[in-house]
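Each of the next two complexes has chain A plus one more chain, namely chain B in the first and chain C in the second.
After this line comes the complex of A and B, so read on.
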């Protein structure tokens, strides 16, 4: 049986066993090998894909070094976001304050690169030494005539979630700073997609084919000028809701622009993301086009997917991802491949998310919040999986246990969103699950109770 | 052109680092701590630090890197992190059950002023440290030194906490502090010493921890790593050989002061001459003869250098990375008749420039060398834009320059996120020298094959 810290018992639920009362959104336990990151990390991942902005990390070197171009958020134009800028605070700065250094760095960078806007990330230490980041940003803003936005992302102020919020707050300051004219009534913003492996390009194309104008990508392949006028779009289409929902709500409040939540992973969810938009605009022609897209795209990928399915039917998968919304889609996508999800978890899900997961999963499935390698290993062994789907920290766990693995996080190398992405996903799952290497590996056998 | 924004005009920058050639201390402490058997590295700071370090180590080694965090919150940063650390210690021993916890600090906990030894005492008096379990710590504020100094600090702590001169009698063994090198390098150093018939204690030792063989069992604490028992005996060793002044020097000196173990501080044994010095030091300390097999390995490297000298002659090389690696590598390149013309390390330290000067000072070519503030990959790129080189040697972060300027890159150092091999094949010792030379030659010859006119495309090279 897997050892679970007493304090974490309520963060694990086995479907069909006992009543559902999952605790989540808890602070990670001190001393856990948590798979979670910090506020800064959350802000950085949301904002960094804005390719024509300057991203200056105000703090010691590590925060900038570890987030240097690690996420593969592609840009079709400028590549400024892929460089790493840091004030590299040193001991004397910690004693005497880093404001001067921040000011000088900003001025030098703006002169050199002429960015469209600048984001300044305040890291842990900045919060402690009390640099007035806001004041410096204001000063440089007025001197250089460019928007310089502070992002209050001191790492200790919470987990990634709080970082998302700080990023949204910064983004919101840009919104509405450019005129909204010339935008079609049938217009949307794509929110919460970061264009990993070019995914937003796929999605944009589907919407364009439906006759929908995409005003801004938030934030994959993002541009400052688009964000400034994003309030003009009639609808906000929100994926990865954890990261960006805060901004969507603000847009609704201030500009009366509603939002819908979607997911682009898997055939069902992708199709629904198109239908929901067409339905919102209440336009039969648009709906017709959406249906056509779904029909032709699905027809194009299904024959190959069916081939993979033959070998994947009945195989067992485990899923551990950042946001719960992605987990829903993965459970469905795996089902399309004939696979069963026997373990599913997220770093940041809430009660509703986990309840929804419970409803969609089979009996016996383990649902887990903010897990750690030890628990995950235990659950994987207990369930006897064929594949683990997760991120960088989950990959070696899978391989150590002799399981297949698919990176559904920063390190995906192919688009996994959209219809094309579903096919890529099927290929990846198939390739790893059926790899000849596993014949040399003795996998842990599932525990007795599951053999029945 | 991913680096299209780089201008060729080198200007004095007041404050700014662009594309760093270093990272912060804690990750070095974490890596070093993983080289102790049964050890859980613990990051006393925000969650993100630990997550970033683990991800970076995992990307480099393709292995799980276990470490825990104090998960600081706003409260902890106001009232101090004592409660978090004590709770963490309790949880770690309860659930992961390591033999030892190695705590390192972060910029956050350092600035708050957490007194780790006092907190450890508190945990002890509160009965949070089970019988027989151990705790060590080192201070690694992120705004001092670099990842390299963090490594050095944790290694020094191993001495401070464990080394004893108990028996008063010297054991017939030598301490070897290998510096921040790959698991494969530590393995190779052990192998070489074994071949020399020398009994050693190597610390830290990440072989068997971050290059674990596939067994189908996931061990949270793999069988590798130096044991605490072995560390305790280091005070009774005949001598200490510290490889790398920056990474290993402080621990070796501390051991000398604490237990009166004489130390020799050498360069990392990268390349022929530095390996010679390492082998010779072992020979002198232990009054042994160098076995034929080792002499033969040396001969093979020498032979390979001779066979290929025409291809390395006067090739201009740019290198970046960590001080100890760069000094030894530059010396090796000079021996190959190559010209290490640009050298950059983000790790601050005046002595580095002197050490490099010693290696290349008498050479005919002119070199640009920079360490510390402003020494980053942006500066390196600017130098290269002004006058090109034939070869780049350094970590993965050089791939942007390699692509934009169309210059071949040999991956060497930390981190390497985009290739494999560095974990498994050493670059130290004579055999490691052969591998380095092989990598260098292969990219140079590939380049020649690609670029030469059709009529001079050669079958035999």
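After this line comes the complex of A and C, so read on.
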């Protein structure tokens, strides 16, 4: 059995064993090698894809260096987000304060790149050395006549979730700063999609074919001007709800714009995302179009998926992702491929999420919150999986154990959303599960090891 | 030669450096049964793990004390102690290397005191060695962090022994696992007993295993590090490292172990210097295997010399790697027209000058540069090729100049840890890659598309 630190026992549940009372939304345990990141990471993830904004990281060089162009968030126009800007604080700045450097950096970068807005990310030490980031942002805002928004993302002030919240707070300051006229009644914002490998383009196209106007992408292929008028959209369609739900709630409060939660992964969830929007607008023509899209798209991908399914039926999968909502979709998508999910977990899920996962999964499935490499390894071995679906930090664990792997995180360069994405996902799962290389990995052990 | 050190921008745009804790973590991953531990926010450990994993494609566990607001205000002692206890319980390490971060340095954590406290509170328990290293991210680069950790480990473990030992110390600096394996092979072929610190040739380039290891096996053993103070000599690679950061220097001062400080042995001249020292220390002539390897390398130089002669290269990355590559390029007829690094040791310029005496007029050295500085300078120099880590791909693509990937990190190709740079063999591989890159550029831009070149 896997060794679990005492303080983490309530963060692991095995379906069918004991009553369900998972603890989650806890701080990561010191020394546990959590797969989570920090507040800064959460903010950076959400805001990063806004392609015509300047993103300046205020702090020593690490935070900016490690987040330079690491995500596959595509832009159809400006590419400013793909540059990494840092105030690169040094020892003297730590002693004397970094305000002047921040000011100078902002001014020169705004002059050079003419962004539509600027985000300034405060990292761990900024408050400690006494920098008043808000004041500098206000000053540059008025001098340069451009919105400069502080993002309070000091790494230690919580987890990734607080970072999402800080990003949403910054975004919210832009909302409503441009007129809302000329927007169709049948309009939505696509929220919580980051346009990895062009996914948001796929989704937009489906909605457009249904006759729905998309006002703003939040934040994949995002533009400052769209965010300013996003309050005009009748409905907010929210994916990856952990990252952006805070903003959706604020829009509902202030502008009375409702939101629905969707997922674009897998046939079932993708279709539902279209139907739910048509249903919201209560428009039979739109619903008819949605059904047509689903019919034709599914018909186009199913023959190939069925071929893969033959070889994948009965295989076992493990899923460990950032948000629980994605985990739901993956469990369903894997089922479509004939596979069983025997381990599923997330970095940031809540009680309800985990209850839903429990209800979806078969008996014996392990459900885990904020896991770590050693635990994950233990679970994978215990369950004997064929594939592990996670992010880049999970990849070497899978490979070391001789399992297939699918990157379902932000670094992937392959669209996994939409109907096209489901086909790509099936191809990738098939490729990694049935690759001939595993015959060499799962080799017999040398004689001396067998003796142990 | 011009040494330029004026950034046009206050801000750093696309950094050509990483932060100090990253380097320290790499060193600790090269010590047997050792877990790196970052005293700071959770994000530092996670980002650095991700950065390593994308290069080495191996599991890299780094623990964190996972600071929260309370610890930032009242100190992170409790978090550190809890973290250490958890790491000891789960990983059962022989050593924990604790590196600080900008956060814990800024709030002034007294690491030795906190660790003493932990040891005192854990009386009766068998504890691993717990070695702190100060790595404020606002000071120096990952390379300084790497060397600081090597020095911290030596300082805390090595004892003077009047050069009674038979072994030599080898401090390779921040090179690839393949480089480390090759250095060990060479020294073994000279029949010299040695201690190499760090040694991540197995821990970060490991075979698949039947049983997952909590901490990948391999690495310099603690016992052998303890013996480094008795060594006959230390060979250290790297000419830009500050003396106060150099473990070789420390061993010389404290334990009277003479230090042979060499540049990274890239190319014939620098590898010859390394072999000369090995010959002197072992009393042996160059093993025949290397005599032939050297001969084959010279033969390759001759075969390829016309493809490379007079070509202009931009070289960037860690300072010692830049110096090593520049020396190598100079000896094959390529002009390293721009030698750049994000680091600011203040010794890059003089060292480039030292290894390329005939080319001083033609080389620009950029210290403390970011990638946009480098791009700008490169655009005016009409280079034929670019040599450095994968982060230069952005400007290589923009300028339409091919990139030969060396060093760390290589995030857009497979096999970074298997890249060999050192020794005659490494030079041979580099030479082939460089020549073929130039040939390929010529071939693909040719309207004819020759099949014989």
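Definition applied: the second predicted complex is superposed on the first by the 442 of 452 C-alpha atoms of A that agree within 3 Å, B and C clash if a C-alpha of one lies under 4 Å from a C-alpha of the other, contacts with A are read in each partner's own complex, and residues count from 1 in each chain.
In the analysis below, contacts are C-beta pairs under 8 Å (C-beta built on N, C-alpha and C of every residue); 3 or more make two chains touch, one makes a residue touch a chain.
Not measured: the values here are computed from a predicted model.
Peer 1: In the superposed model on chain A, is it clash or fit for chain B and chain C?
Peer 2: With chain A aligned, chain B runs into chain C, so clash.
Peer 1: After lining up the shared chain so the two structures overlap, which partner does A:128 touch, if you call chain B first and chain C second: first, second, both or neither?
Peer 2: In the superposition, A:128 touches chain B and chain C alike.
Peer 1: For A:392 in the superposed arrangement: first (chain B), second (chain C), both or neither?
Peer 2: both
Peer 1: Return first, second, both or neither, reflecting whether A:109 touches chain B, chain C, both chains, or no partner chain.
Peer 2: both
Peer 1: So, does A:80 touch the first partner chain B, the second partner chain C, both, or neither?
Peer 2: A:80 contacts chain B only, not chain C.
Peer 1: Quick one: classify A:255 as touching chain B (first), chain C (second), both or neither.
Peer 2: In the superposition, A:255 touches no partner, neither chain B nor chain C.
Peer 1: Looking at the overlay, what does A:275 touch: chain B (first), chain C (second), both, or neither?
Peer 2: neither
Peer 1: Quick one: classify A:201 as touching chain B (first), chain C (second), both or neither.
Peer 2: Touch status of A:201: no partner.
Peer 1: Across the two complexes, what residues of chain A are contacted by chain B and by chain C?
Peer 2: Dual-contact residues (chain A): 3, 5, 27-41, 59-68, 70, 83-91, 93-94, 101, 104-105, 108-109, 112, 123-125, 128-129, 155-159, 373-374, 377, 392-393, 395-397, 399-402, 441, 443.
Peer 1: Quick one: which bits of chain A touch chain C in the complex? Just the residue numbers, please.
Peer 2: By the definition above, chain A touches chain C via 3, 5, 27-41, 56, 59-70, 83-91, 93-94, 101, 104-105, 108-109, 112, 123-125, 128-129, 155-159, 373-374, 377, 381, 392-393, 395-397, 399-402, 411, 441, 443, 445, 449.
Peer 1: Which part of chain B faces chain A closely enough to touch in the complex?
Peer 2: Listed in rising order, the residues of chain B that touch chain A are 1-5, 7, 13-20, 22-24, 26-27, 42, 45-56, 58-59, 62-64, 66-74, 76-77, 84-85, 87-92, 94-96, 106-108, 111-112, 141-144, 146, 212, 214, 216-218, 220, 346, 373, 378, 397, 400.
Peer 1: Which residues of chain A touch chain B in the complex?
Peer 2: 3, 5, 27-41, 59-68, 70, 79-80, 82-91, 93-94, 100-102, 104-105, 108-109, 112-113, 123-125, 127-129, 155-159, 373-374, 377, 392-393, 395-397, 399-402, 441-444
Peer 1: Could you please specify the touching residues of chain C with respect to chain A in the complex?
Peer 2: Against chain A, chain C makes touches at 9-15, 17-19, 21-22, 37, 40-51, 53-54, 56-69, 71-72, 79-80, 82-87, 89-91, 101-103, 106-107, 136-139, 141, 206, 208-210, 212, 214, 372, 391, 394.
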